[in-house]
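Shown next, in structure tokens, is the structure this report addresses.
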Amino acid sequence: MKKWVPTVIFLAVAVVLIVLAIVFLPVSKSVWVWIAALLTLAIFSILYRDNPIYRIAEHIFVGLSLGYGLAMIWHLALWQIALRPLFVEGRFILIIPIAIGLLYFTRLIPKVSWLVRIPISIALGLGSGIAIPLIFQATIFEQTKASLVLPEMFAPGNPWPGIWAIILIIGIVTTLAYFFFSRKEKSVLSPVSKVGIIFIMLGFGATFGLTVMSRVSLLIGRVQFLLREWLGIIAQ
Amino acid sequence: MKRRIPLTLTLVLGIVMMIQFFIPHQFSQDFKNTALEWLRVIGGFAFIIGLASFITHHYTKIKHKKEGWAYSPIALGALVVMAVVGLIGRSPNMNWIPVTVQGQQISVFTYLFSNFFTHMMIPLGATMFSVLAFYIASAAYRSFRAKSLVSILLLVAAFVIMLAIIFYNVLPLGDLGEWLLSVPNMAAKRGILLGASLGGIATSLKIILGIERGYLGGTK
Amino acid sequence: MKFWERLGKIDRRIIYIVLAVVVIIPLILTVKLPGKVRAMPRTKDVFDHIENIDPNGKRRSILISVDFDPQTEPELKPQLEAVVRHAFARNIPLLVMALPIQGTDIGIEVFTRLAEEHNKEYGIDYVILGWKPSPVAVILGMGNFIEQVFPTDYWGTPLSELPVMEGIRNYDDVGLVMDFTGSSFYVYWVYYAHTPYDVPVATGVTSVSVADIYPFLGSKQFIGMLAGMKAGAEYERLVKDKYYQDQDIFLRGTQALPALSASLLVIILFVILGNISHFATRRKS
């Protein structure tokens, strides 16, 4: 059998199915819905094997995303918060951050390309300085506070919240022990970090189950689009 | 100088912002708000780096006819079309070449821009990720084996969560799933969060103090 | 014994086809799950919080941040639509923004459609603030003055000219920050909005991040969470039962739920088959 035969059969079946769909189903009459549906099918074609149609769709997506970003950055960032305040409202102080931002362009000029480090270092300096106290407060402080075992958790009729709180503390400590001490083979703490691995595996297992659910949800969303908006098989 | 200026800037700004946090004075607040505004303005230009590397990547691919170069004009073409349509179509009060859509007059550029987004970018992006559903199903079938105590724990937790989602209405399994998430899972995730935050804070301090210099790139 | 071996080596394309079929069939047959969808406590927390926002009080508005891009749109759109319907039904003013750039137009698409459905007017009932660079500086800046971060709305109209913004200056006038995200933008809202400004924050996430959110739920840094498509269906049910009893609205998540359950069951089944084959062939050798 020639190499192109399966592809031709595949395409022929697809064309027949589409014609049947148009004749017998309340398919969408919107050109845009058709474009969306065909692009969806183009991406799904990767499941059969890597092929030019998939590659074209993929490259269209990458190009469109960047083009979208370019247009939006011009309107929403450069114009609305930099150039408009500068030229329309006359806030001349903004010349300084704009000039610093323009230094990103030096990346394209090899001789002075080191100047690109200036906007990066400013963003990093400001960003790190802002982040340190807030992250400390939001995680180290708040999370530790929330892990405390309090006497009121052991109510006479229902001691369970207290018991879970104790297990929680054990889990947190042993997890930390696993990450900080597991490298040294015969550390004193290695039995502790073995308890930690139980908690970590239960946590990762939960994440795995949820990840499966997440991916399947995305698939259902796309199939829903094909069946509902494009083919009109399921209720509007 | 090529290293000292950026390192000094990071050190000074980082320390000033940290001190600022502890001073509730109006001057300190005004300084913070100006710094944040400048940060947003500067951030608007950062896309140049990504855009430049995208264009050079595809340009060299076409120039040297590297494998798969034929797709590069498509990516570049899509970029140009979307950028032009967006730059014109989303300008305030744009009404060039009006078309009538659902009884409203809008510019053809605005019309194309929103449809390119809703009917091309969304289906393409969403479908790319939804393909992973097939891969994860097949990978789970082939490699998710209860070979050791560790993998049994992993498997049990994953099953409990999935079954809890399916049978949340009917069985007490829903409550078991909720317990698994809010006791053992929370313990592990909080431990990881605390560890990661300590690491993150340490890295930030290293950046401010100039110990971590990866962002300078190169050795010049 | 060859049977057991073959059980462990099912071709991946067969798995693909089976998965596709169990997704398509329940959707076409519009299968209904037995009983009503019961809302998980985390979902109910978000619903109750929005129920308690007074549309005429000080903290009367909801800030909705569409922090996802097309890649995770199918999973988060049901949640977003259900929350927007809830807020529209209660006449709560909505401010819509995005941290990743592509969230902007997803927000515009959803809001234009739902606003028309619910007879809501732009500028009076809701405003599209749009996107600005540097997420940390955006979130922190809004704690001081929203107009400093967003001098104009998405379309270039100054915020001071929009009636919806009247009396809304910063987080002190926001009853809830509702973030929808397919990545880790939710931590930004905890670190830079809740921690310094003490504004109530809730998050709607893809199921991938659900397990990672629990530490923040336990510490009450989030008032609630919507977990994946399932929570979308739960929220739709809560909103429909309370506000749209007699109206026919499209319940995107509810429609998807049977397919979700069926496909998860099938995946569990495949994993069990793989394990049976693994142990049967191992014992032999």
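We call the chains A, B and C, going by the order they appear; numbering starts again at 1 in every chain.
By definition in this document, a residue touches a chain if its C-beta (ideal position, glycine included) is under 8 Å from a C-beta of that chain, and two chains touch if they have at least 3 such contacts.
The structure presented is a predicted model; accordingly, all values stated were derived computationally and were not measured.
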Chains linked by the largest number of contacting C-beta pairs
A-B
Of the chains shown, whose Cα centre falls closest to the middle of all protein Cα atoms?
A
Taking each chain's centre as the mean of its CA atoms, which one is farthest from the centre of chain A?
C
Roughly how many whole angstrom separate the Cα centroids of chain A and chain C?
13
From the C-alpha centre of chain A to that of chain B, how far is it in Å?
6
Roughly how far is chain B from chain C, centre to centre by C-alpha average, rounded to an integer in Å?
17
Sites on chain B at which at least two other chains make contact:
37, 39-40, 42-44, 46, 117-118, 121-126, 128-130, 133-134, 137, 140, 155, 159, 162, 165, 181-182, 185-186, 189-190, 193
Set of chain A residues in contact with two or more other chains
47, 65, 68-69, 72-73, 75, 77, 81, 123, 127, 130-131, 134-135, 139, 143, 168, 203, 206-207, 210-213, 216, 218-219, 221-222, 225
For chain C, residues contacting two or more additional chains:
16, 19-20, 72-74, 102, 105, 132-134, 136, 140, 156, 210-212, 215, 218, 230, 260, 263-264, 267
Along chain A, where are the residues that touch chain B in the complex?
32-33, 35-37, 39-40, 43-44, 46-47, 55-75, 77-78, 81-82, 94, 96-98, 100-102, 104-105, 107-108, 114, 116-136, 139-140, 143-144, 147, 164, 167-176, 178-180, 196-213, 215-216, 218-219, 221-222, 225
Residue numbers of chain A touching chain C in their complex, please.
47-48, 65, 68-69, 72-73, 75-77, 80-81, 84-85, 123, 127, 130-131, 134-135, 137-139, 142-143, 145-146, 168, 203, 206-207, 210-214, 216-225, 227, 233-236
Complex interface listing, chain B residues touching chain A:
2, 5-7, 9-18, 20-22, 35, 37-52, 54, 68, 71-72, 74-87, 90-91, 113, 115-134, 136-137, 140, 150, 153-162, 165, 179-195, 197-198, 200-201, 204-205, 207-208, 215-217, 220
So, in the complex, the side of chain C touching chain A is made of residues 13, 16, 19-20, 23-24, 27-28, 30, 72-75, 77, 101-102, 104-105, 130-134, 136, 140, 151-152, 154, 156, 190-192, 194-196, 206-208, 210-212, 215, 218-221, 227-230, 250, 252, 255-256, 259-260, 263-264, 267
Using the touch definition up top, name the residues of chain B that touch chain C in the complex.
29, 32-33, 36-37, 39-40, 42-44, 46, 92, 114, 117-118, 121-126, 128-130, 133-134, 137-138, 140-142, 144-147, 155, 159, 162-163, 165-166, 168-170, 174, 178, 181-182, 185-186, 189-190, 193
